[in-house]
Amino acid sequence: MKFFPKELKFFDQFELSAQNLLKGAKEFLNLLENYQAQGLNERIETLRVIEHEGDIITHETIEKLNTTFLTPIDREDIHALISKLDDVLDFIESSAVRMQMFKITCPTEQSIKLTVVLYKAVEQVVEAISRLRNIKQPESIIHHCIEINRLENEGDIIQRTAIADLFECCINPIEIIKWKEIYENIETAIDKCEDVANVIEGIVLKNA
Amino acid sequence: MKFFPKELKFFDQFELSAQNLLKGAKEFLNLLENYQAQGLNERIETLRVIEHEGDIITHETIEKLNTTFLTPIDREDIHALISKLDDVLDFIESSAVRMQMFKITCPTEQSIKLTVVLYKAVEQVVEAISRLRNIKQPESIIHHCIEINRLENEGDIIQRTAIADLFECCINPIEIIKWKEIYENIETAIDKCEDVANVIEGIVLKNA
Amino acid sequence: MKFFPKELKFFDQFELSAQNLLKGAKEFLNLLENYQAQGLNERIETLRVIEHEGDIITHETIEKLNTTFLTPIDREDIHALISKLDDVLDFIESSAVRMQMFKITCPTEQSIKLTVVLYKAVEQVVEAISRLRNIKQPESIIHHCIEINRLENEGDIIQRTAIADLFECCINPIEIIKWKEIYENIETAIDKCEDVANVIEGIVLKNA
């Protein structure tokens, strides 16, 4: 029974990471919805702190993993799950930093639409992760994974339309370069949510 | 002996996936060689259906993997092989979608040349996969893997020349952005064929 | 004891790969610091030979891994470490090739600054790898890993500033496309050094 408390800690770490990710996604959506070039630096600094907090959680989890003999679920799944959660946050921070680097004065409607989808996907990630302890009730976990897949498709369509519009309507190539990269970064963040969902599905299938 | 029929199914899945990939590669090459801006949407829809079919095969295989106790080859190799096969098709579809998104009126000669190499690499992937059941005759499997490596080098040179030419000859930066991305997508599809070959080589070495 | 000599060979391979990587990083830094459009082709050919040598070392190591029954450290760590080392060199070669493809006449100050950081990170990789045999003295190995993390942060800041400056100062979109890609390639090479450090940290934690 000695291993038991140790084992439970991995689920705590997943939840910590997912909650921190949700905080980052909320901050980024808020940044876009109430965008002001002024004060941008401080708000991006806030996101950077959240991203750094995510790095620490990830690093601690991997350290714990490498020094724990018995794990409640497969070692490679623990590693994949905590890394993919971290990837989502990295791409959120990277999207925000690009707003600053590219001196964006006003976010496009489509970038906000895409970020709403990202935020919803992160909410589903939090839901799925919080149910991972009850692995013997797999239906509700899988339900959230399917929802993440649906949101990823939705995001994909928005991103492709946004980029097509960019080439259709924008005559300034420098603007095209900037927005194309921002759209791609947000879309990649959503993709990484789908990676999280895939790891969770694998864990459920193996353990249910 | 109970596990035997189950085990064989993984090879069926690999072949299904490879055949579906070949269908996609043929469709894409045909799209470029007989390019017409009219009717493009329908043909890209066809490719999207093939890509979706690939997703289903991949998903089924991973589900089967997660619920199978004994596998004929290492679990991580099954996962890697089916995922990498899927990646090739994803980048083929993504290349085709970009033709549409960017409203390309006429493919460049070099994009066709690169796609011919991609198609040949996919043919070699099909050959190697179909021989994987006879793992005790490794020479012919390895022969196709080496051919994929050769084709990847050939593709790399075409892509680098095509991009250098783009910057040399094209004065419209928007055209450069579009074609650079299309070339990179096709080249990445070929790279993913090489990833498939590397996984196959590993399987052969471990089991021969 | 029969397995012992075999096992040691993996550390030899890591050192071979790291030394070859250092040679490539030195060659690339030298290329930038003493840049001449004339003679560029020959110098890039030298880098290509080094990169190819890296491919051979990697391929040999994976072959050895697939045919060795007992390994001194986890199989997946051997695979990850040799692959990540190879990735660093790939991105160095790819950065150099882009100088040629884009017909760069003069490297920017920031590209040299970024490459100095890359070179320092590679030096730290060599140091960490050379201490991997003495895994029971983990402090000095970890010390070099932390230094690589610090250099990656330093590189990240330089790259972000360089790209922001590019959009701020450069009015030619084609120049922006070129330099943005070169900066991203060099930065990715540094990122891959951090991946190497993460694998090494994992190995140390598991085995110390």
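A, B and C are the chain letters, set down in written order, and residue numbers restart from 1 in every chain.
Criterion: a residue touches a chain if its C-beta (ideal position, glycine included) is under 8 Å from a C-beta of that chain, and two chains touch if they have at least 3 such contacts.
Not measured: the values here are computed from a predicted model.
Visitor: Could the interface between the copies chain A and chain C be described as same, meaning over half of its residue numbers are common to both, or is it different?
Guide: different
Visitor: Roughly how far apart in rotation are chain A and chain B when fitted on CA atoms, stated in degrees to the nearest 5?
Guide: 120
Visitor: Which whole number of Å gives the spacing of the CA centres of chain A and chain C?
Guide: Result: the chain centres lie 28 Å from each other.
Visitor: Where in chain B do residues touch two or more of the other chains?
Guide: 76, 173, 177 - these are the residues of chain B that touch more than one other chain.
Visitor: Sort out for me which residues of chain C touch chain B in the complex.
Guide: 62-63, 66-67, 76, 97, 100-103, 173-174, 177-178
Visitor: Under the touch definition given earlier, write down the residues of chain B that touch chain C in their complex.
Guide: 76, 160, 163-164, 167-168, 173, 176-177, 180, 198, 202, 205-206
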